[in-house]
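Letters are used for the chains, namely A, B, C and D, taken in the order the chains are written, and counting of residues starts over at 1 for each.
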Amino acid sequence: MRVLITGFTPFGGEKINPSWEAIKRMKDNYGDIKVFKSEIPTVFNKAIYFLEEEIQRYNPDVVICTGQAGGRTAITPERVAINVNDARIPDNEGNTPIDKKIFEDGENAYFSSLPIKAIVKELKEKNIPATVSNSAGTFVCNNIMYGLLYYIDKNYENLKGGFVHIPYIHEQVVDKPNNPSMDLETIKKAFEIIIETVFRYDSDIAISDGKTR
Amino acid sequence: MRVLITGFTPFGGEKINPSWEAIKRMKDNYGDIKVFKSEIPTVFNKAIYFLEEEIQRYNPDVVICTGQAGGRTAITPERVAINVNDARIPDNEGNTPIDKKIFEDGENAYFSSLPIKAIVKELKEKNIPATVSNSAGTFVCNNIMYGLLYYIDKNYENLKGGFVHIPYIHEQVVDKPNNPSMDLETIKKAFEIIIETVFRYDSDIAISDGKTR
Amino acid sequence: MRVLITGFTPFGGEKINPSWEAIKRMKDNYGDIKVFKSEIPTVFNKAIYFLEEEIQRYNPDVVICTGQAGGRTAITPERVAINVNDARIPDNEGNTPIDKKIFEDGENAYFSSLPIKAIVKELKEKNIPATVSNSAGTFVCNNIMYGLLYYIDKNYENLKGGFVHIPYIHEQVVDKPNNPSMDLETIKKAFEIIIETVFRYDSDIAISDGKTR
Amino acid sequence: MRVLITGFTPFGGEKINPSWEAIKRMKDNYGDIKVFKSEIPTVFNKAIYFLEEEIQRYNPDVVICTGQAGGRTAITPERVAINVNDARIPDNEGNTPIDKKIFEDGENAYFSSLPIKAIVKELKEKNIPATVSNSAGTFVCNNIMYGLLYYIDKNYENLKGGFVHIPYIHEQVVDKPNNPSMDLETIKKAFEIIIETVFRYDSDIAISDGKTR
């Protein structure tokens, strides 16, 4: 069993990206599961092409993309990616697309094919705050998630994939008062639980984790 | 020019729903624009069928659905509705669907056909806090928005429509410490600006209002 | 009956201070109550001396100082002022005192002599979000509140006084996403209710409005 | 060198109190520093008498009381305790005092005699979010801090003491969406850093950590 897990390069003035910091501390194998790791450039669309090369290189069964969601308090598997790029800040090559489609021939949105409810359940049982998110934003995180699911839909029907947002880690917020953060070790542990969960559940479970807004 | 604007019945233990409170205080005409008002039951799917009857009754050019998003600080036009019902709390008839499609033959998601960026711009120019939201949740607000855009896509190609979330009003939070709220008059004024904006802009404008997460 | 109500000049890069914006829209008389208004410089200690001159000029029965507490969601009468200046940002003359006493011969703290619980009760009954605050911070708001109560303690035993913090108004947050704000008219109305309450209650009432932290 | 560090029993429906969970995992000695640990009942005034017995039993040089501040994102040494009990919820024996003085002959407030700015600096240097708080609330946390500093003022002039609030730990928030939390190990490490800092700094340092509100 082969999983490709990706993090991003730092963006928005941060010195590190907690997604990649956690991933690079992970092992290369967990039991039968072989883990391939990749640090993706935080650049609209380039992130997608970079990811596809990694998929071709490693031929994974599952792709889990991850990224920083500063301000969140929990590990948040994303439910859906939407066909739009809308930059609030420039990406790492200075691009600021506004309301541009990612793929002209893509669906309006794609749903994660990871068992997001099972992931939330397993994380919470290990005392790691987790909840489903219904928006990955409109920046490069949504961009890569959309691109991944577009490729799965078009070309890789046996591949499973999705995206997980994580909070800031502590060192990022020592000078950002009132911003929640999470320990890097906890995030790394969460990624390990997510990988294990993805291979253990053939399909997702039906537990409530909706949002009224 | 004819606009149908809808609010919801109260839900989740609230005594009022600020969306309907604001709408029922609006005038029936603003210049050439005739306003039809409807209070929709906060019930999954029934909300959609109720809405379609209202559309057939009033034959509007534009439909603006609105609802309460407790905890938000601004008027938030929604960008997108997704094809899923996932209840965190029961709706007003006790339904608690989990991860159910709204329409089997619907797209994964539909984008608002209201000029959401123009709405944000016009509201902010009148000193009303506003920003685009990228998730209407998975409760009845998303449900009706999805249903509206599904019908537009299938049967009402000349109709424009979308959804706007609003904060709590003050009276709802006097015993909910630390919850933001907005004056009812301000919300009513926001709805008037939105109606005027929808008819003034043929298409949306390209200003940044993305989210990094 | 005579009340002196004070607001502050803008600080921290803001163009206006909502406390003074609300006050300058108030009437000069409410029934038997004569209202004197003063805009105080947002400068450590100078604010206090400025205030004392106003007290001598107007000879009020009650002094209500008010100021902006960006980020709060409610009208918050302050319970207590503490004998310390500790600047997070420079005041309007560039002073940045750190952990300095305000008056060497002052108490560690003084409690408001306004009926803060009655104020909260009256505001909430008029559907204006309100709660007691237990910290006025360590900037010029705490500074003037401490100075006022110090003078009352030392020299003006018949004077009643205290401080009320207010949220941002809407126009201040249109470009500060996720910041709560309140309508200026609501704040003005709150000030009118506070003035009326202060003269109606001889002493405060015993209702719970504590905080666990 | 002897330090007494105290946590509280669970309150407000929680199953654990993170302050005591962290303390009971600490060692009994750190170098020359002998650590005495105590779990204090979350009961107004009884907490104070219980604490004084522990002080007499262990004869510490420093007393560090700690408690849970659900909703905070950082370790927060408290600057000041005020002479008031005001319960928002009942304590663990059902008491709900409203606006009662803690000690009739006490000062309005007492300032911590711990080096709170140095503590913040040292924690942040080890990448643990920390900031000074200017209010310990009006519940049992403020109660014990006030009582401790009252005793120091009256009877134990060589004793140093203060209070530190901590966030929820992860397991407390898995079903409290959007609540920040911190890893228990990080809190334990924070307590160790605080103890070490208290003995290393003879007096506090002058760095800014004020609040504008």
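Throughout what follows, a contact is a pair of C-beta atoms (placed from the backbone, for glycine too) under 8 Å apart; a residue touches a chain by one contact, two chains touch by 3 or more.
All figures in this text were calculated on a predicted structure; none of them were measured in a lab.
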{"item": "Third chains touching both subunit C and subunit B", "value": "none"}
{"item": "Interface composition of copies subunit A and subunit B: same or different, split at half", "value": "same"}
{"item": "Whole-Å separation of chain centres (CA-atom averages), subunit A against subunit D", "value": "38"}
{"item": "Distance from subunit B to subunit A - Cα centre to Cα centre, in angstrom", "value": "29"}
{"item": "Gap in Å, rounded to a whole number, between the CA centres of subunit C and subunit A", "value": "46"}
{"item": "Multi-chain contact residues (two or more partners), subunit B", "value": "none"}
{"item": "Pairwise chain contacts, counting only pairs that touch as defined", "value": "A-B, A-D, B-C, C-D"}
{"item": "Contact footprint of subunit A on subunit D as seen in their complex", "value": "73-74, 124, 127-131, 170-171, 173-175, 177-183, 185-186"}
{"item": "Contact set on subunit B toward subunit A in their complex", "value": "12, 67-72, 79-80, 82, 84-89, 96, 98-99, 107-111, 117, 133-139, 141, 165, 204, 206-213"}
